[in-house]
């Protein structure tokens, strides 16, 4: 085994360096990168001519986002606790400048989130159910297969203007767009899950006297859930992306609308604020799917054991 | 005990369907006949590939037969028509397969209770019975574990009591201890004997291990190679309760072993 | 041997033929059903919401004849192709570069993965602010959307190169460049091709969506412009052509993939 030097590429080729040696160093490096990126942002904003047009102002983003969020929280607390909060010492001290507003970002974010979530459920639930319903009718599955493949391959997001034409510029068009995008993705994952059925488990259940319905409920469905989750995880970013795209084209509310509004006003800072909010929603979405999966699939052996069982390295 | 056998297999035959353009496939099983009495522990020995699993599949009604009959409790069971098959013969025939086939998404306890649940027999009494079985095989404390958290031997035990818990009159066992190490295997054989002693079910136990067949069975059948039929039958006169660990020291063991060994060739 | 397997094996031949006919018949029937549904929907919903399929077909033929449709298609495909090339180039080059700087890679990795979470389409207005209203923002969009799947695939592929092969090559006297070319590149080819299958349709899709928001040519522009003028037939025509374009590209990719797989073992689990 050749000795390791700094130019040795065995590190980069995937043989990981000894963990104890570099965990702290990695964390330091990553922190350093973050600092460098932020410093770069500030530097560009300050030194470029009309820097804030190009990169927005970092402090502008921070302050607007911060005050908007705090404004929202302040108003929320006021709404919940009434005068008890508004007239209290802390409440009066932290009262935002424009108390009637504040929290705008939450309102728009909630519109986008609602569109994404409603569309997600509207698309995912039938898509997951369909392979189960068609389980005993393989001919029907075979008949619709090319249409499903076509629907999956067709660019649904490119249909956004069509949906806006049909449902107007309100949330319905966004929900419909997200739903149809999510549907095809989850359908194929659920189909794979139903097909991956272990025949031996079905036989075992039948020998023990399980009815067709019991087999579907206790064997087919739990076995398919991991596959469905893969589909959900893939579909989640598409649901938010779809909502935002439709909002970019035509809307009067939502984060996409805010982005477009900011751009139309040449207010780069506003665009960045909305972008940050959008990215946050994506992370929250990812996190939710992960949490749900970890709880629902806690019976799964850890990934390396699974890989071993399937014969992968 | 009635003289009428509980389960009777006559002239059973099996071949797999011909593929297009090939010759007629060979018979896997042909002219196989035997009977099992109520409360008997029957072991069947056969070399690998002799169709042991196929035989059990046919008895358990998860596979069709190409010929012959199967009679259970003096009634003919459907064997030829795939649509008429009744897996497990309405829970009269239990089947402990080679792989443990535990449901990975259920805990040990949930797995053991599974047949009771689908049969609608889940109540105080059956739950208590399940708990007793779990403790009897040493799985107490592991009720909330998922299958991937259990060792191979533990999963085997869970799979075993999962069939025992709903008390089918006949239990088929397909080399249940084959994949385990010698110590665990002996331990499980003893556990099985102890449990069987409590209820004296009818058991058909298939194995390739001659010593195991002698140690456990009241009677042993030897399967010939394909086309498989019964090559020999041996009464095992060793009185119960038996010393599983020291079975090889019993005077009757050696002659039995030699006789069976000769037939297995 | 399962019951169903056994049953199928008994009656294998005649059953399969009957089944295939039934499926083909069913598919044709379903397609006709969809078309009929479209026609009925158009009649019921009125010309504003649903365009008559016959009129849509006529419009497509008309526009093809006078060349405008082909021009739009050309613009979109050209945009997609250039953006695809750019995205592919960086998607492949960057991992190779990072390979030589393991410490930097480690430090930057979480940020790259985090940036995957930013919806790229949401950046279009920003790109318009930065790059103007010509092709540039659209090229950036397409490039980014192609870059990410290719980058992730090649990056993962490089990570998974068998170290033993690399060591063997090194022992045999190969230098860094030779190792990169021979061992690393060949090992990650399957990953790379798998990502291309995802990236190419995406490139076309992204070009169309970019054209919704900026520009005055291309399929996306055609669709959006028709919508703004309440020209439902135009919207439908554009959507039909756009969908057909992407489906054709998909089909071609599948065909190419199948031809290439004939001599190369293709791994199954490369969804990324």
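The first chain written gets the first letter, and so on, giving A, B and C; residue counts start at 1 in each chain.
Here, contacts are C-beta pairs under 8 Å (C-beta built on N, C-alpha and C of every residue); 3 or more make two chains touch, one makes a residue touch a chain.
These figures come from a predicted structure and were not determined experimentally.
Undergrad: With chain centres set to the mean of the C-alpha atoms, which chain is at the far end from subunit C?
TA: Here the answer is chain B, farthest from subunit C.
Undergrad: Suppose every chain is reduced to the average of its Cα atoms; which one is closest to the average of all protein Cα atoms?
TA: A
Undergrad: Max contacts between which two chains?
TA: Counting C-beta pairs in contact for each chain pair, the top pair is A-C.
Undergrad: Just the number, please: Cα centre separation of subunit A and subunit C in whole Å.
TA: Inter-chain centre distance comes to 20 Å.
Undergrad: If you average the CA atoms of subunit B and of subunit C, how far apart do the two points sit, in angstrom?
TA: Distance between chain centres: 53 Å.
Undergrad: Which residues does subunit C have that touch at least 2 chains other than itself?
TA: In subunit C, residues 2-4 touch at least two other chains, as defined above.
Undergrad: Please list all residues of subunit B that touch 2 or more other chains.
TA: 62, 87
Undergrad: What parts of subunit A, by residue number, touch at least two of the other chains?
TA: In subunit A, the residues touching two or more other chains are 203.
Undergrad: Which stretch or stretches of subunit A touch subunit B in the complex?
TA: 200-201, 203-211, 214, 218-219, 222-223, 225, 297-301, 305
Undergrad: What does subunit C use to touch subunit A in their complex?
TA: Residues of subunit C touching subunit A: 2-5, 19, 22-23, 26-27, 29-31, 34, 49, 98-108, 110-111, 114, 117-126, 128-130, 158-161, 163, 166-167, 170, 176, 179, 184, 201, 204-205, 208-209, 212-213, 220, 223-224, 226-227, 232, 235-236, 239, 242-243, 246-247, 250, 269.
Undergrad: Per the contact definition, I'd like the list of subunit A residues that touch subunit C in the complex.
TA: 1-2, 9-15, 17, 22, 26, 29-30, 32-34, 37, 53-54, 139-140, 142-144, 146-147, 150, 153-155, 157-162, 164-166, 199, 203, 237, 240-241, 244-245, 248-249, 255-256, 259-260, 262-264, 266, 268, 271, 274-275, 278-279, 282-283, 286, 312
Undergrad: Spell out the residues on subunit B that touch subunit A in their complex, using ranges where they run on.
TA: 60, 62, 87-88, 90-91, 93-95, 97, 99, 101, 103-107, 114-115, 117-119, 146-148, 163, 166
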